[in-house]
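Each remark here refers to the structure printed beneath this line.
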């Protein structure tokens, strides 16, 4: 076990400590921010309740794309005809 | 040019005449001489095996089939398809060299990911952090025990992130000479998650722990889902700008998905765009499967370190879940810890499956999706750290 | 590298350490010093506001969301995503710098546009000409009263064309340093057309004029629709080759749509291709939202001149419709004049809506589509003139 | 009001005059060309009437893409089954 | 800049002022002087004729419409759209110059081709070889009788391969100056296959031969279809690496189609990707329709040699089928020999149609698909030989 | 008929001979390889018969893409509703 190996070992453990520490710090901050975010949003949702639905509906409608709508229309027409 | 000349020229350009390279007297090492002579045919056989794994064993076929085919093409003698004027070489230079393709794929991943389960149960994000232990554990081993340089060790460690585009992005920046081996290892082990993880998960948990039932997740509102990608990006901007290309691409895709007003763009990212880029990313990553870079002991080491990374990541997630249970009233099932390695959504399915074995009524899938998507963020953050510290 | 070094290196690469730039003693102006120090965080807040406008207020979200997100990413410290090696910088260089992306989008616009209403009532084309008054009025003001150079004034004027790809194409050629501000102004005001136009339309017309009913449009045959793009391109070739890249792309898309034998290509231009290019165009236009180029009084002036341009364009169209009524037996409803500003199909819908307010039986939509699509051609022609004369 | 401003003013008005004039000229020519085009095409349509329909039909049929056709086929099958 | 200056500058930039170039005293040849002066307007008329052929006569419209429109755009005076800074010039340089676009299209062709009929009746592959006689016959004539250089003769010969992407790929490598003429000839004659082939087929066969019925093809298993592209690529690697970019792209597409595990990628290759590339390939091939390269006697010769190549290819296939019948018990209908020229699937349909004329119960379509797809492979192999020997 | 022409003629015929010869050789080898391939695969199919079907089915299922599935679902729902 020579000196060079020890240097590498120190470097490796330093990176591991810093890396895992940083990743955890990031995620801990994220956990708390998410909590704050959810509370803020739920508070806002109470203040402006309808708006949310207005935003949601066009989104969902848009999911059924034009192509599908055409396909459906034809299908229904043929199934009924 | 007469008949004899033409015939000779044609013969000179056949594969038979060029398959086996003549002995190069300037190469003194016997093994290098062997590779110089027989490297290409061996690589072709290896690529055929990868193709078989992709097609028959369905190992992440969307990437392994193009990677293997790209490797096949780039090992054809004479044609030089992976060279600077070959078409795979040109695509590599334009799309991979500066990191474009992995980022575009990450946009598509963002547009396909639902962070709802994570928002509903924020603390499971920590499991996605603990699973990054695989990255740094493999890095340590690669650096200290296998003689890799620091940038190479960082690129090898990222295999433990279990996230294809992140691995390719980091490797291209830190150690492009290892790209072929690392990409093959990353995608192969992601496909092997259902084989690698269960024994480790069972070893580290008791039957009682595996039977823990978790309370149903609350509904997440549209607004939370819209704000979430901005929160993640915001933290990333404040804490680690080096991770911002990756996290930015991911959150852009996710914002487009959730905001509900740009469905055209979100659909395109999830389909035409990600498919097109996957084809070219796969082929051009494959173009780095050249014999002189792949047929080395380093590749063997990378394969070993890759499975170590996946195992450490799995163990890290499971053990940290048990630690969390020590300090928390509401117990979590430690099986969802292993989902923190990413490999979306495979690892979450493995958690669910192992959980069902212990308790046939206990569906863990949605609970495991939280750490699973947190693992993607965690890996991107870890990637940012490696990019900041390893070069 | 030991722990302390690594920690220091990591700290050096965080956003916190780089968000606020240190005082640069070589900058003497107080405001510039302020921008140098706090420019990026301010731009990030502005981009968040733009995102909010795009998502919540649905201001042309297909472009404003990617533009705002691109602005967000390019103002991240350290990461340099908009720099020459950052991914937005690379995309900008490849796609915007030489005008490729706006032209491809214009192909898609052509493939989505039905020129039938214009062919059925050709004289409404003149309304699409009159509305270009906004371009040259704003140019005059920018040049004489706001101290812009001639190329800059031309680029600002083109906001009055109310046509996104045309604005971006012209600005890239004449005054790329203003691209961020002009693109944001152009798309924002296009979204605000339903707010900006009605008061001007009502101010300039009497209730009787707004009630004018127009005769139903004749049917247009397939052959006319096929020949029309070639006629437009032909005129453009003869009169103004500088407008031909724009007009050529538009008419190519339209010919592919109308000829009926290349539906595969036309469908792709309208969907996968335009969506992919929109994503990258938006992100890379956003990459020009840097604080030193956006946080200037020029940007304020551009915002002011943009709304002046839209107002003058609206007024020009309406007034010219009234002038045409002086000389023509068959009266046209002057409300369709405002549709000449382009902003397809929003401005035509505004004409229809204001018309319905005056007479609930009077549907002007199809009549307004004529000047509306003529406005696209008119803006492209005006763009050609600016490119020919302003540099 | 100095000389430089007057120069700019002249330049601006020159551009406005030329620009608007050119745009109008272009569109006036376009209006007349469109008129001529429509008359020519209608004349040709009388000379070769069927051809037009032949051109139109394949176009419209092609609009119903294969994907949709498959979707419709499955839908009809299921709806009947 | 005052009004007079502006007006003069605008006049200078109109098409009218530049359509007819002034006499260049340095040009001594009268014809060249004529071309110098009137080349562009003549080319525009030619492109309109090509457009008419594409739209009205449905001559391979998916390519002829973009090619003709690209030619139109690139012959506009002043605009220089095909120049190094024009958008068609940029697309040409990025996509055609190094062979990217034809290869991507070939991937899509592979993903759309079913090699089943060939696998079911392997010996029909030889018909796809005999039809390559058109390539080498035209090459011989071009070289010996029309004064073309060897690379030019090779590029002209490849027209006889009746395969668009192969023709463009080879011409770009061997004789880019002939690209416009060769692409136009190749696609036009492919569209004319139903006119060119039947007389030759009837001339070379007796009514009895045309009535020969063939036994129904056996079913081909999934595994055979998966292995087939690898076998073709393998042979190509061993025998002719120069053909590997083409054959590699074709077999990659086909493997993705047949392996059944990457349907996302295969669908994209067949739709979004091939459509996008077709648009840009067509436009940028059209950008090579400049008067100085197209309005030459060489173009006339190429048109003549092209039809000779198609005729020789047809004759080659039919005659070889008759020769095969001399040595084989199981007779094949010589009409399927003409399908060996590729032009997939048009030539196979022609075989079927001529066969039905002789015997209304005799459906040859599936039998003709064998030589038809073999012709694609044969042309790619011939292309490899030309690339190896003609430069 | 001068010497240069003869040289070109020789070159042309050489290319033709070599080219056609090579193309034919390639395809003859291909014919035999295809024969061998088919026999090998059919032998393998006898050894591992079920596996083939397993490979085939998911492929076919995947052909019915999600979009179509949605379209069909809506169509059926509407046709029944």
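List of remarks:
Per-chain numbering from 1; labels A, B, C, D, E and F assigned in written order.
The definition used in the following text is that a residue touches a chain if its C-beta (ideal position, glycine included) is under 8 Å from a C-beta of that chain, and two chains touch if they have at least 3 such contacts.
Model, not experiment: these values are computed from the prediction.
For subunit F, the chain with the farthest CA centroid is C. Note that among the pairs A-B, C-D or B-F, B-F reproduces the D-E interface, with over half of its contact pairs the same by residue number.
Farthest chain from subunit B (centres taken as the mean of C-alpha atoms): D.
Centre-to-centre spacing of subunit C and subunit E amounts to 40 Å, using the average Cα coordinate of each chain.
In terms of their C-alpha centroids, the spacing between subunit A and subunit D amounts to 42 Å.
Between the CA-based centres of subunit A and subunit E the separation comes to 48 Å, rounded to the whole angstrom. Distance between subunit E and subunit F, defined via averaged C-alpha coordinates, is recorded as 19 Å. Multi-chain contact residues, meaning those touching two or more other chains, occur in subunit B at positions 1, 6, 10, 55, 150, 236, 239-240, 259, 261, 267, 272, 385, 389.
For subunit A, the set of residues touching two or more other chains reads 11, 15, 18, 22, 55, 65, 67-68, 71-72, 75, 79. Listing the residues of subunit F that touch subunit E in their complex gives 5, 8-9, 11-13, 15-16, 18-20, 22-31, 33-35, 37-38, 41-42, 44-45, 52, 55-56, 58-60, 62-63, 65. Contact residues on subunit C toward subunit A in their complex (touch as defined above): 1-3, 6-7, 10, 56.
Against subunit E, the residues of subunit D that register as touching in their complex are 10-11, 14-15, 17-18, 22, 55. By the touch rule above, subunit B contacts subunit C in their complex via residues 98-100, 103, 107, 150, 226, 230, 233, 236-242, 244-245, 248-249, 252, 255-256, 259, 261-262, 264-265, 267-269, 272-273, 385, 388-389.
Chain contact summary for the complex, subunit E toward subunit F: residues 118-119, 122-123, 125-126, 128-130, 132-133, 135-137, 139-140, 143-144, 150, 153, 221-224, 227-228, 231-232, 235-236, 239-240, 259-261, 263, 267, 374, 377-378, 381-382, 385-386, 389-390.
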